[in-house]
Every structure is written in C-alpha cells, then in structure tokens.
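Worksheet: one structure, shown below.
Here the chain labels run A, B and C in written order, and each chain numbers its own residues starting at 1.
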Amino acid sequence: MSSSTTETLVDVTMPQMGVSVAEGTLVQWRKQVGEPVQAQETICEISTDKIDTEVPAPASGVLAEILVGVESTVDVGTVLARIATETSGNLGTESASESAAGLAGAPAARQAGTPAAGPQASNGAGGYPSAPARGHSPVVRRIAAQHEIDLSQVTGTGRGGRIRKQDALALVESGEAAEPTGGQRPERPEPPLHSESPYRPEPPTAGGQSGPLSRMRRQIGEHMKRSLDTAAHCTTWIEVDMSRVEAARAPLGVTALAFVARATIAALREHRPVNAWLEGERYTRHDAVNLGIAVSLGEDGLIVPVLHDAHELSVEGIAVRIKDLAGRARARELTAEEVRGATFTITNPGQYGSIMATPIINQPQVAILDFEATVKRAVVVTDGEGNDAIAIRPITILGLSWDHRALDGGVAAQFLASVKRQLETNHR
Amino acid sequence: MATHTAPASEADVGAARHLQLDDRIWLLRAMLMMRGIEARAMNLYRQGKVPGSFYDGFGQEAVSAGGAFAMAPEDRLCILHRDLAAHLIRGVDPARIIAQYLGRATGLTAGRDGNVHFGDRRLGCVGMVSMLPDMMLVATGMAMAFKLRDEPRCALAWFGDGSTSRGDFHEAMNWAGVQRLPVVFVLENNQYAYSTPLAKQFAVDPIQRAAAYGFVGVTVDGNDVEAMFEATRAARQRALAGEGPTLIEAMTMRMHGHAAHDDMKYVPTEQVEEWRKRDPIERQETRLRSVGVDVDALRAAVQAEIDAATEVALAAPMPDPATAVDGVFCEGEAEPLGDGQAPWSGFASPRADA
Amino acid sequence: MATMTYLQAISAALREELRADPRVLMMGEDIGDFGGAFKVTDGFIEEFGADRVMDTPLAESGIIGTAIGAAVVGMRPVCEMQFSDFIACGFDQLVNVAGKMHYRQGLAVPITIRLPSGGGFSGGPFHSQNPEAWFMQSPGIKVLAPSTAHDAKGLMHAAIHDPNPVCFMEHKHLYRRIKGDVPEGIFETPMTARIARPGSDLVVIAYGAMVHVALEATADLDGASVEVLDLRSLVPLDRAAILDSVARCSKVVILDEANMTCAAGAQVAALIAEYGFEDLDGPVVRIATPDVPIPFSPPLEQATLPSVERVREGCRELLDY
C-alpha cells in the first residue's frame, strides 16, 4: 500500500471463496462511480459455486472506475474496480507495518485529529498541544490563587511558552508573590472536624421546630451513652508547644492534625497498653495502629473513618489519607471496612478557639485524644544556662480521655508526655 | 446406545443389608421435600416472586437423595442444580432455600447468587458455578487433600451428561485416576443437556470413560433411591480403601424443561411417558407402603413443613443495597468447610460400614 | 539478612513457608523431580517429599480447580503456571470458581498462583505475556508484582498468608538479573506501593521489570529530579501513594510492559485524572507495549517492549511541557 501524498488507485479484485473456486460472477454493484466508499463497506455482490457473498472495499476513498459489469463471470483475482484514495499514511486502514514504523520512535503522545485504529503504543509525530486554549494547568491555577499571582505577568518556560509549575513557584520563592492564603488548597469549603457530645433533647419552644431524631443521631447517642456507662472515664491534659510543628507544616502543605496523628502513633507504639481494646473482661493490645479520625457530617452527625496500619505512614501520607477519608466520609462513600477496626481515635474540632474538652471514648478502645485550638500564649522558657524568660509560643492543650478499668493515671500521663515530646522535638 | 444397568436383585440385596427402615423413610422424606420445595418455588416463580430463572430436578430426586445419604459428616459435596435433596440431607434449612430462590437477605447467598447456586459451607457443601463441570475439579482437589493427609474421607461431585464434553471433565477424571483419589463422580445422565440429546454428546457409552481413565465405572438405575444409595456407599468404601475413584452413571430422565422458561417440546412424548412410570418417589412409596409405612402422613408432614418454611421465607427482607460491594475478599481467617449432617444409621453403628 | 537474586528470594520464601506450615502444598508441572522450569523449586522434593511438591498432570484448569478444592478443606496450595501465558487455560477456574466464591458463599479460597511473566528473551507470543490486568478486572483476586528480591520474598509470604486467591507475578527477566538484601525468616511486605527513588519534577509509576527500566532511564536526565513509584501491589492498588506522588511531582508517566489497552496503567491513569486533577501540570502520559502479541525475533521484540530510550524520551518530553 502506497504512502505517498498524491492520489492512489486501489484495486478491488474477485475474491477466492474456497480453495477449489476459480471464478465468480458479478451480481450487483452497491456503489457507483464517483461515490465515496469507506473501507470494509460492501462495494458489490458476487456469486460463486460455493457461496454468494458481499465484497468489502479494501480502502476508503472514491470509486474511480468499474471494470466488470453485472452478470459478467471472471476469474478469481480479476480487477473488478478501482478506488481513488487520498492518503498520506493512515486513512482508516492501519497496516501492521505502518504501526510498527511508528513504534520505535517517540513515546506515547496524542495526535490532534486522527484516531488511530489497531495496535498503538506511540502515535508517532507531534507531542502535546501548546498551552491549552482555555488556560493554565490545575496546579498552576492553584498556586496562582493561593499567592494571588497575576499569571499574565509570568514568563512561561514550558512548551510553546506555557507557564509551568516551577515558573509559578519561582515567582513565589522570589518573594514577589503574596503570602499564601491558608496554606492549603482552595476547594470546597470544608466543615471542620469536631467531636460530638451526647445529645440532650430540649423542650420545644414556641415557634421552634420539633421532630424525632434521625437514625444516625440516635445511633451516635446510644453509642456515647453506652460508652459512658461502660468505661470508667477520666481525662488528663497536657500543654504542647507547637512552634516546630507550625514551622514544619507550611512547606509540606499539611495540617497540624497530621503531625499530631504521627506523634500519637509513635507514642502508641511506645505505650502499647493505650493501643488496646477492652471488651467485657477481654483486654487486647494491638501491634498495628489503626487510627480513627472523627469527622463531622454537619448537622447529620459524626463518623469515624479509620486509617488502617497508620504506623506505616509518614506525616504526608497521613495527611493525604485523612483528606481522602474525610472527603469520602462527607460524600457518604466510605466502605464498611473503612469504619471498622480502629484501635485509637483522635478528635479535632478545629480552630474555633475552644481550648479543652472531655471527649468520650470510642468503644471498645481504651482511650481517645482530643486536639483543640492552638493559641499564642506567653510562656516561660529556660535557656541552656538555666535563665528564665517570657516568650510567645503557639500552645495547644491535648486531652486524653482514658478508661480507668484498663489504664492508670500514670500511664495516661506518660503517654501524653511521649506525644508532647514527639511534637516538640521530632515532628516527622 | 447400550446401557448397563446393575441387576435389580443385586441392588436390592445390598440396600437391604445396609438400610434400616428409618433410613428408607428418610430417603423418601428427602425426595418429597425436594419435590415439594421445587413445586412451591415454581409457583412462586409464576407469580413473579422469584427473580431470574428457576431450575428443578423433577423426576431425578433419587440421584441426589441416594447419593448424599451415603456421605459421612466429614465428607464433602459439590452439589449441582438438580440435586436439592443433597442439601436437605446435609441439614440445610428449607426456609433458607426458598429465601434463596426469592433473593432474600436470609437466603444462603444473601442474594449474591440465584436459584440453586448455593452451598452451605458450614455443612460441607460447595455451591456450584454455571460453568460445568468445574466442580468436578474442586471435588478432585478436596479428595487430593484427604489423601495427602491420610484422612478416611471422600469427596463427591454430581454433574450432567452434557458437561462431560468439556475439558474439566477430562482433567478431573484423569487427575483423579492418576493420583488414585478418594472421589466419587456421579454422572446424572438425564438424557438431555438443555435441548441436546445424548446422541449429540457422546460417541461412546459414557461409562466406558471410567476404564479409559483407569478406574471403576458403575451404571445404576438413577430412579431407584436405594440402588443409588448402595452404589454410592460401595464407591465410598472403595475410595476409603485406597482403590481410587468411581464413576457412577445414574440413569434418569429430566421430566421438566431445562428451566422454568423451557417447555421441552424437543423431547418425544413417548419418552416422557416411559419414564413417568419409573418415577423415583412413587417407587419408594410403593416399597414403604408394602412394609406398612403411613406414606400419606409423611406427605402431609412434609407439606406442612414446606408451608411453614414458605411463610418464613416470604416474610424475609430483601438484601440491603448498601451491602452489594461487601465481602468480595475474606478479611479474617480462611475457614475451611464444616461437617454436615449424615442421617444414615450406618454411620452410628460401626458394623454397618462393612 | 542475605544477598540473593530475585529467584533465590522466591525459593527461600517458599522453603520457609513449607517448613513452617504443614498446610502449604506446592503444585505445578515439572516442579518436583525436575525442580521447575526455572529451577525455583530445585531441591524441594528432597526436603519436602513428592506429596508436598507435587508434579501435576499437564492441566492448568486441573491445577487451579484442585487447588481450590484443597484450599477449602484447609490446605494452602501454591500453584505454578509454568508460564503466565498458560493461565488462560485455567482462567475459568480462577475467575469463576475461586474469585467469586467468597462473595457468593462466604467461603474463603486461600490459594496462591505463581505466574512467571514478561518478555525480553525471544520467548514469542506464548511465553512472554503480562496478563495481570485480566485479574485486576476479576473481582475477588489479589494481584502482586514485586520488582526487588526483598519484595519478592516479603510479598510471597504475604500472598501465602492471605486468605484470598492471589496472583503472584514473578518477572522472568528479573529472576537472575537482580539481587538484593533479603531478610531471612518469615516477614510480610505490605500490599502497598514503594518509592523506589524520591523526586519532585516528575514521577514514573511502574511495576515489575519496568521499575528497573524506569530507574535506569531517569537516573541522569538533564538534571531533573524524577521519582519512581513501584506499585508492587495491583490489587489492592495503593491509591494514596499514587496520589501523594502526583501531588508532589505534578507530572506523571505511567509505564506498563503489558499491552497498552486496559493494562494496569490505564486504571492508574483514570484514578489520577479523577482524583489528582488539581495537582497536574501536564497530561497523564502512558508508555506501554502496543496491542500486539509479543513477537519472537529480537528486532521486533525490542520494538514492542518499552525500552530505556523510549522511557527517557517520554519523560524528557513531559518535563519540557
């Protein structure tokens, strides 16, 4: 098959319908001279000793000439007609050799226009289109929004002059861009994570609305009440200096919660009695840490998706997982597996300003950690020579509610001390 | 095509030696339950309460009743779609069977699979797949494990005449023969594979294939439940004695269509009439009446049980759509199949196995 | 800890499992007296006996079907398909009996199927396939594809311990060509992805032998910082790790040695397009073998399997975008 750029004539020949067949009769032409023809489309009908059949066109183009008339009988192989094709390579029919020729070169790229039929791994010539007509890539747009960059002022170093991620970041690093807003990706506004307290029904006031609780609220209520009835709840608090965490989290683009989670996991591995279940008389210490993170579903209530095997994750890994689980929790897309098996829970209501709480343990775990607001305080710091001074530091208070049937105050305090130590000195 | 049926007297003598009166009643009861449940389910199907298709084993009840009755609690069964009596003998609750047809949450697959594609794993039954006879290989594998671990147990698989044309039949027969495994292969020859008669399925008498793979083949009157029991019991003995597999060809006839949607017009009426005279339930009833058993009372009791089971099944909820994607993987420990019931008196008294 | 080849690591894992757990049973063609077509089970029959290192008849459907039967009565069969290509002969048993059993009946089928896969040595169309995508698409089957000796051992232990059917893709090309430090004793590698080399400008996502092609192709690429993510586990697929790499690198090249259409990389690409969209600074690029049977003659075979050069070029183009 020719691959020139000029017009080519392709033969349509009388096929051999069976080893013993030597000739065939033209029964009917389905196309007339001058009509366009698609490859594989029936172009004529023939009759032989073995079978009557349709003949598909071998190429796409225009039927240029008919050489054998209706009711003529000719030998197998005789040219019946010719199709004029305008081809510069692929036009509907892909021959294996053509595709193979395209293989050894450029990597898989997209071609504007031609749909490639048949085997493809690389579509030959041409890379990507230049900067998309409607704008910039998602990540460039995000960086621009966060730092209030006017992209029309940025010189792009990408293909065709498009602005690449590093071009936008370079502007940020040069100090000419605004401070990041929030340090997080702007997307759907997220309701903050917060813990729930047991619902206490209010008597309906005049003009107010009353009605039965939703099933989810009732279930939450029953779980909370049962927990209070089962466990011997105590709560212990500790103050944590979050300076290092605040400094470390901005470049990573993660929340403080991810750091608290990581520190908690490390502390749980160190203090196994806290990473445990108490079911009736049976007390099970776990090696793996399956970390539950309480997620608010707004007015509907609360759910606790679980990061299984959280001890294998880094801070970034935790942040990605939390974000994923929280998003899917709110979209009600969690699987049954993802809300089961937690060995410890963290609840984090967000930055409303509240500083302490008395969380309720998530049965059958033996403890729960509450992480409230981080607030700048004046604190006493001691230097290397023992001199005291006042400094301003971001402080948070971590609260651990724990079950006195399984643990004692000393263990709780030591656990919190480990978490504090991890956060203040080793935030990875 | 010639068929070789075991002489009636041999089967009777064997059965008489091994079956107590209670056993013979049990066999009839199982067949009556099977036919009754399937009749009820067919009605429900025609009322639009059974989704999908419905298959029954009308006229073939003895093949599964007799076969399953010879299996011990620790044996394992791969049960096919016209073998409902096998499930009943192992102890499956009829209400759960009907719920299974109805696609309810309390059915044996909780709605995950339909009609007779079920097996209660706690009773040692493996449910079938549609690709036949895949389960012959599974039974072969179970028998292989028993032999490797030197356990006096066997596995049994039922399969049909049509399925013997597929590769898995040959791979299983060959494997079981080469390794001399304690497996019993029951070929339910019911004359038709959907609309395909035997003449289009075999070039040889299928029982000859046993010899071709190196083991014993026995043809049995599949509509004589006691003969079926006896042949299976003997095959089990052979297996436990280390003599390898047995192919039991159970001659029977599929009296209803392939499924509820098939009117079986392709079967000559004379053939159907001929086999109706050999109905397995009628034959067993005749036997038992002749020794004074109140068959009518038994029928009534069975029907009452089925009525009660139907009520329970109809009241069961449909499965919760939220559970549709659960349970694809096992998350905990893999539990092997459990033991089933085995009502044959011979399992209680040691000498009866001789 | 010992230095061993990928093949030795697999052998070591199998030996340790056979020693530790009497339920483990190896089944395959020529694995007993002959020691296996690739000698993975060389010497096993002397230590464990013909019962536990079973030379089966030539019957792939038979191997998998009987393994299922043995598994549901308490054994832990480890089957071998002599070449992964032959899984086609046992496809029905694997997909319809094993894969669907737990969903339908709550009956677990703890079998492991070892599949020596991949091309690059003139094996031709029937000895060179990477069929993992068939089983990614079939519910109820886990699919693992280690690229290092360490992971070959750890994932083999994990596969045997898993109560589900597991396809273990052993890449033939890696058997004797790569070595690594491997802990002795039974340990499990988690069924997650692994960062083979961290980076920030672009990530190449690959598995099996392609991980090594990716590492070589991007080791010194115009000074760019290229991350290589080794998927290791295809089912379950480590979505979080994939999205994490995309979040940091923003440019992605996905590499499959399998045929392009609907390979594992196609699923990864779809995942990224949907869930990683906001992090992308360029199109999601795939490099794979074209949809052809793997040819026999070396120039043809080299033209189809993704080469180091082709991967370099692809990464370079995307870096420039």
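By our rule, a contact is a pair of C-beta atoms (placed from the backbone, for glycine too) under 8 Å apart; a residue touches a chain by one contact, two chains touch by 3 or more.
Just so it is clear, the structure is predicted and the values come from calculations on it, not from any experiment.
Visitor: Any idea which chain sits dead centre by C-alpha averages?
Guide: The most central chain, going by mean C-alpha position, is C.
Visitor: Farthest from chain C by Cα centre, which chain is it? Let me know.
Guide: Result for the farthest chain: B.
Visitor: Taking the mean of the C-alpha atoms as each chain's centre, how many Å separate chain A from chain B?
Guide: Measuring from centre to centre gives 50 Å for this pair.
Visitor: So what's the Cα centroid distance for chain B and chain C, whole Å?
Guide: From the centre of chain B to the centre of chain C is 40 Å.
Visitor: Quick one: report the Å distance separating chain A from chain C, using the average Cα coordinate of each chain.
Guide: The answer is 23 Å.
Visitor: List, in ascending order, every residue of chain B touching at least 2 other chains.
Guide: As it turns out, chain B has residues touching two or more other chains at 331.
Visitor: Please set out, as single numbers or ranges, the residues of chain C touching at least two other chains.
Guide: Expected reply: no residues.
Visitor: Can you list the residues on chain C that touch chain B in the complex?
Guide: 25, 51-52, 56-57, 59, 61-62, 64-75, 77, 92-93, 96-97, 100, 102-110, 139-140, 142, 163-164
Visitor: So in the complex, which bits of chain C are touching chain A?
Guide: Checking each residue of chain C against chain A gives 190, 192, 201, 239-241, 243-244, 247-248, 250, 260, 277-283, 285-292, 300, 303-304, 306, 310-311, 313-314, 317, 320-321.
Visitor: Report the residues of chain B in contact with chain C in the complex, numbered from low to high.
Guide: By the definition above, chain B touches chain C via 76, 108-109, 112-113, 117-119, 121, 126-127, 129-131, 134-146, 148, 155, 167-168, 171-172, 174-175, 178, 327-337.
Visitor: For a test of understanding, state which residues of chain A touch chain C in their complex under the given definition.
Guide: Per the touch definition, chain A meets chain C at residues 96, 99-100, 103-104, 106-110, 118-122, 127-128, 137-140, 142, 158-159, 162, 164-166, 185, 187, 309, 312, 316-317, 320-321, 324.
Visitor: In their complex, what parts of chain A are in touch with chain B?
Guide: These residues of chain A touch chain B: 335-337.
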